């Protein structure tokens, strides 16, 4: 098998050819600035409006509650910093979880330096936020709860509906980082009591560098990027028309194909999980077995290290990722794996495989077969495995 | 003439077909996240590195002093807010000018609310920053001077070199919003003592939604978008590879064609200015006649209003813009036109025509001919013109 | 990300394995990043390193530096082995990415730990050899820049 097997769809996805097709006219033909007054501008304005509607429909929002940003990270920064700014007089306490993406966690660290107090709610061993802890953390000065819809590493889907209910029962705003969930699982901002939501184009076969921020009408969040009067004066900057058209088309496709697509992904995912768990010893599945993103597999192989695994997988033509410290550039393994209670040395051996509906059973089988050889090889040179075997033989 | 005559290149430009061509593979083929470890990622990483080099070369920067952002507005916000954050302990005073883009001015207004003090240096009647006023405004607690390289409305090029010299003589950081100048006129960050610089892809026939921030090595600016470790930990978010490739290619072309292109634009521009000034009465050129962007024409026609002009020009197939209050959505005419001393009623009649080297003399002549009819028509229905004529006839 | 030499040593690591009854064995780990390296030495009566084997739990760079380190010390005297620094290992591998420099320290320390064990077993002191630290992350310099 010499074709590339791409199993890193949680990192980024291919822009669907039909999405690119839709974007193409807006680069060199209909290149107008939609804010201008002439009729050439109305063509790109119309395209932006259409995209906004598609995005709104995917999460049951109103069209004018959708704002376009430069990506998921910007949306997360906006949601946290500008809410903090706007509601600081009400209170300076924010609740989030220990397994959020760095776009949330590092922003929280920044806010802490600015005098805000952050409570990081723990998760259980499957990565689910502890609702009792969450509720108990709410104080009179709590202005925001930010909990992700689904985790990017271990795929656990959070009880968003319950979190939204708790937040609103206590009169606290609820933001959710839905970058991994948007277009992959059903989201209804009304039913789920979501006040703000972040999403990103390139996680749903749309383009990179375009994000979405949903802001419920009435939420008094300020601007994060100040300047021109675009996006009803809430997000300055010339509109990225092709990017917006792209995320709109991707959202439209995501809505129409969600049921079928996730059924296919779940069957591939479960096949992959089942084969790994039964055929490779000393392995552990991370994340919730059932409340799990349709395309996410995350496992830890004991006694080996993730980066070495990735390099050998790469040589077999497989693109994957790991939460190993060695791949993090920061000397610490993934904070998510630590948060679900894994010790460092086990977190080290983590492997994330995130598939798409375009993968095949043959590809999955090939990956498992390769993986078995790779694990064996790496264990044969692991001092930890040597110790383990010696102890066993005693 | 039924073809569109696009004279709003200061608002946004066409993505050059050769720029789009270069971007195309990075949407659906080489869609990898450049931060990943597998070899599929190194292809997009290489493309990003190349683009960074092209951008750096255009302004004589080092490659690792270039950071990619989501646009010019983000770069401006980053430069101001994160410098303010980083240097607040040194001082809380910032100097800028009265004619900056809103991405600067509204960010300054935000910083004022956060306890920073901003001095807005005035400009002369041609829109040049008053250097003596600038220097006199510097205080021991001044941490930043932010003055644009060239103005987006009236095209005036600022004495950036002198500003940089003054800033550095006083040990103050110098940021310049070069969104309009980048790729249009020569910029050398070393010679000009520029510490930070903002630029945007879509003003140089690159894509929308991608910007550049130059940060001189040693400048201790913080992150503005927190999160992942991209861009040497300074700007989080999955890299917008096609956008980056696009701005890189656009920068490369801009560098190679600058001399020839601006010569052509200047000749078109001067032809346009000359015909307007000699053939239409009661008109005034805004901005400096010589220190002026090669593609910028900005004039005020007395006794008429800009939006009406734009609609009639649009009907003739001409895309243009105006600093009229009626087009601003804010009931005030352009702050730039007011800053150069124009009274409201004159600022109202402003027209900005920003051309590209693809325009022709025929197009320019067509526009002037149409303009003459339009001005005459609008004046014939203007009560101000009626008053003026009556006064004249007395 | 890695040089060809690194990839070569990662794909075909030299001297992987164990030595029964080694003259010295050392295991070092980087508690920060959790990687572990074990080095076995077989040293003859003349103080010449006759054989060397390693096992490593770590990234591509860790595997490659262990492999290269074993090549560099094999056949050398104990004194010469002491001179195999992480810099020497990195140079022999045509360099490492900056974030991976710390992995090469592991190899140097593993050799030192094995030599220390050899010295202790034989009740000798080796000139210039310091008692190895278990956690080499304490020895690292290079502050991370914070933004």
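Chains: A, B and C, in written order; residue numbering restarts at 1 for each.
Following the convention adopted for this analysis, a residue touches a chain if its C-beta (ideal position, glycine included) is under 8 Å from a C-beta of that chain, and two chains touch if they have at least 3 such contacts.
The structure presented is a predicted model; accordingly, all values stated were derived computationally and were not measured.
Comparing chain C-alpha centroids with the centroid of the full set of protein C-alpha atoms picks out A as the closest. In this assembly, B is the chain whose CA centroid lies farthest from the centroid of chain C. If you average the CA atoms of chain B and of chain C, the two centres end up 56 Å from each other. In terms of their C-alpha centroids, the spacing between chain A and chain B amounts to 34 Å.
Between chain A and chain C the centroid-to-centroid distance comes to 39 Å (mean Cα coordinates, whole Å). In chain B, the residues that touch at least two other chains are 37, 223. Within the complex formed with chain C, the chain A residues making contact are 303-305, 307-308, 311, 315, 324-327, 329-333, 344-345, 347-348, 380-386.
Residue ranges on chain C touching chain A, taken from their complex, read 7, 10-11, 13, 16-18, 27, 30, 32-38, 55-60, 62-63, 99, 102-103, 137, 144. Residue ranges of chain B in contact with chain A, taken from their complex: 4, 6, 8, 11-17, 20, 23-24, 27-28, 31-33, 35-41, 69-74, 76-77, 101-104, 106-107, 109-110, 200, 202, 207-210, 223-229, 236-243, 307, 310-311, 313-314, 318-321, 327, 329-330.
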